[in-house]
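One chain, subunit A, links the two complexes that follow: it is found with subunit B in the first and with subunit C in the second.
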Partner chain A sequence: MKKLVITALALFVSVATFAQSEAFTKFYNKYADNDQFTQVTVTSKMFSLFTEIEGETPEDKEVLEAISKLKGLKVLAADSIKDGRKYYKEAFAGINGTGFEELMTVRDGKDDMKFMIKENGGKISELLMLVGGDTKFVFISLYGEIDLKQMSKMSKSLNIGGMQYLQNLDESKNKK
Partner chain B sequence: MMKKPYLSLLLFFCLLSTSGWTQSAAIKPLYEEDLSEFNLYFYPSTLRMLNVSKDPAFNEMIKDVKNLRILIIPKEKLEKERFMTVKDDLAEEQFEELISMKSNFGLVHLLGLYEDDEMQGMVALVLQEESYIVVELIGAFRPEKAMEIANGGIDLGLINKFMGKKEEEDAQREKWKKIRQEVEAQERAEDSLKNLKN
Partner chain C sequence: MDSNKLSSLLDKYYAGESSEAEEAQLKEALKQPSVDESLKEHAQLFAFFEAEKDALQLGADFDAQLKHRLKQESKQQGFQWNFYLRIAATVLLAFTVGLLLYKNPKEVSPEDTYQDPQKAYEETKKALMYLSSKINEGTDQIKKIETFAIAQEKIEKQ
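The block that comes next holds the complex of A and B.
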């Protein structure tokens, strides 16, 4: 019985650790029925497919291993929306004070970009990427066990534009 | 953001990852009721014909594919609620959702079936403005070859042309956007020059 309780508790903790933040979910659900937005959800099962692939180089193997530890990806994006900055501000206001640490801010042309992370037990459990411009808005949540060192390489495999900026992170942040 | 043509390719390659699975009971009635306006059935030989560039990686990837079926049903022949129950029925058959996507292309659900962590099959359900599309694949493929192709690109003839159309339109739109921005910048510069002179 004691073992069962401990197992149940461990399962609960592991689910809670890798669950997606309420702040993102709230925003995502608010605009879920809005046809102006593109929505993408990738489940942990999809990421687990990467474990079946054998990387040819040690670098490939590291990236594939990092991808297989991801538990989910959600994207809410619009590339021809009126006042993308309004959504950017609203999304950022929703995240503020919910335990996310700002990692990096980038100004790419007219677009503003923010990367934020949430840590649990010394490990990054969620990465948010927020982009806002005149007509553009992107909000991405990647959750699971996240290895920042592999993120920029991973973004190529996942085809998520913008995440290449993570390679600019200094070494100390990468070691987190 | 996700690049749509790549997603289409990903979807296509993901569908090539089944093994030893016979047609889903949830989808079978859609064939039996003769609802389709367009019905494609690919054997390994016809799939290989898509590989116009004769990329060995593609043939390697599909060598264990038994068949690929594509069914297109016009909306007037099937109620949306009924089509949406197909996803629930697939879930009852232990299919798990891998990807879902909603965009101006439509609503896409990609589901996979597993047994002892081994993938047994995949189905894609696509809900578009005028039609429903069901894609299912029976057989097996090598995912590492799919990755190789997805990263390097492949000439699939007409399929590439179909998928590339949206990309061309986006590039054209982006080009005009840049031109507009340049004109606006020039106008602003001229205005500030005028203001300085005044």
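The block that comes next holds the complex of A and C.
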């Protein structure tokens, strides 16, 4: 009986901590069957497995440090889609008014970009990143305990831009 | 035996006061076909008792039948034990699986896109790096504007 209560409690707690904003999940699930989108889900269980990965390079150390407090990551992305801005607007409309604060909006000529955060007791509990371009759409949800400084530091240690980094990563993977 | 005596014997018999000798007498008298019409039903009853008594005798194959029955019964009990054992095994299995899952939170969730931690890590790293670099791109823009604003203020002050 005691065990049952503990298990039920543990389940309840885990459900509560895993909770991701409904707005994102709704959008994510809507395009679950759409081949144009790439979807990635990484759960806290998977994150806990990362502890076995050795952080060899300084960038790995930074990444693992940032992950250590995360509970989950979901990515919905498409790089050759018609009218990415349409999805951008749709996604933003879904989030608006669900307790997210806009952190930053950037328009760099090509893409529209928005960062939104949800705070819980002075700490950021979820970070949403929304990117919309002519053919591009990216929607990332990060939840758990998020340290923005750590997030920013991560790529600074490399001292190169994001897209460049992605290219480098692909190349380095091929070399291996 | 006249019917008056017979009915008084019957009364005694039903009251449970008759002696064995009297009962034997009664049975014998009632067996007679010449028995009085009013006592016919009692005669039938006694005939029935007599018949049943014979039927209740143990048959020659009684022992064999009994042994057979006992064997079957023990077989049945064995089966029942098996049945409970199966339930117990199922419960034990379910409990063990539950315990293993509960004690092993490192088990990969079916929700995960990647089952391989290394691959999941690569993807997470990619996503985080992308996010991080975009944050920095954004803050760089803001810094530029801030620098511009500071410069503007300075110019205005001069």
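Just so we're on the same page, the second predicted complex is superposed on the first by the 116 of 176 C-alpha atoms of A that agree within 3 Å, B and C clash if a C-alpha of one lies under 4 Å from a C-alpha of the other, contacts with A are read in each partner's own complex, and residues count from 1 in each chain.
Please note the rule applied: a contact is a pair of C-beta atoms (placed from the backbone, for glycine too) under 8 Å apart; a residue touches a chain by one contact, two chains touch by 3 or more.
Since the structure is predicted, the reported quantities are computational estimates derived from the model, not experimental observations.
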A:T43 in the overlay: touching subunit B, subunit C, both, or neither? Say first, second, both or neither. both
Check the residue A:E52 against both partner chains and state whether it touches subunit B (first), subunit C (second), both, or neither. both
Considering only the touch criterion stated at the top, classify A:L148 as touching first (subunit B), second (subunit C), both, or neither. second
One more residue to check, A:V106. First (subunit B), second (subunit C), both or neither? second
For A:D79, decide between first (touching subunit B), second (touching subunit C), both and neither. first
State whether A:V63 touches subunit B only (first), subunit C only (second), both chains, or neither. second
In the superposed model, which partner reaches more residues of subunit A, subunit B or subunit C? C
From the superposed pair, tell me which subunit A residues show up as contacts to subunit B and also as contacts to subunit C. 39-43, 45-46, 49, 52-53, 75, 131, 138, 140, 156, 160-162
As the complex stands, subunit C meets subunit A at residues 98, 102, 105-109, 111-114, 117-118, 120-139, 141-142
Subunit C-touching residues of subunit A, taken from the complex the two chains share: 7, 10, 39-43, 45-50, 52-53, 59-60, 63, 66-67, 73, 75, 104, 106, 108, 113, 115, 127, 129, 131, 138, 140, 142, 148, 151-156, 158, 160-163, 165-166, 169, 173
Touching residues on subunit B, where the partner in the complex is subunit A: 1-3, 6-7, 10, 14, 17, 96-104, 110, 112, 114, 119, 143-144, 147, 151
Subunit B-touching residues of subunit A, taken from the complex the two chains share: 35, 37-43, 45-46, 49, 52-54, 75, 77, 79, 131, 138, 140, 156-157, 159-162
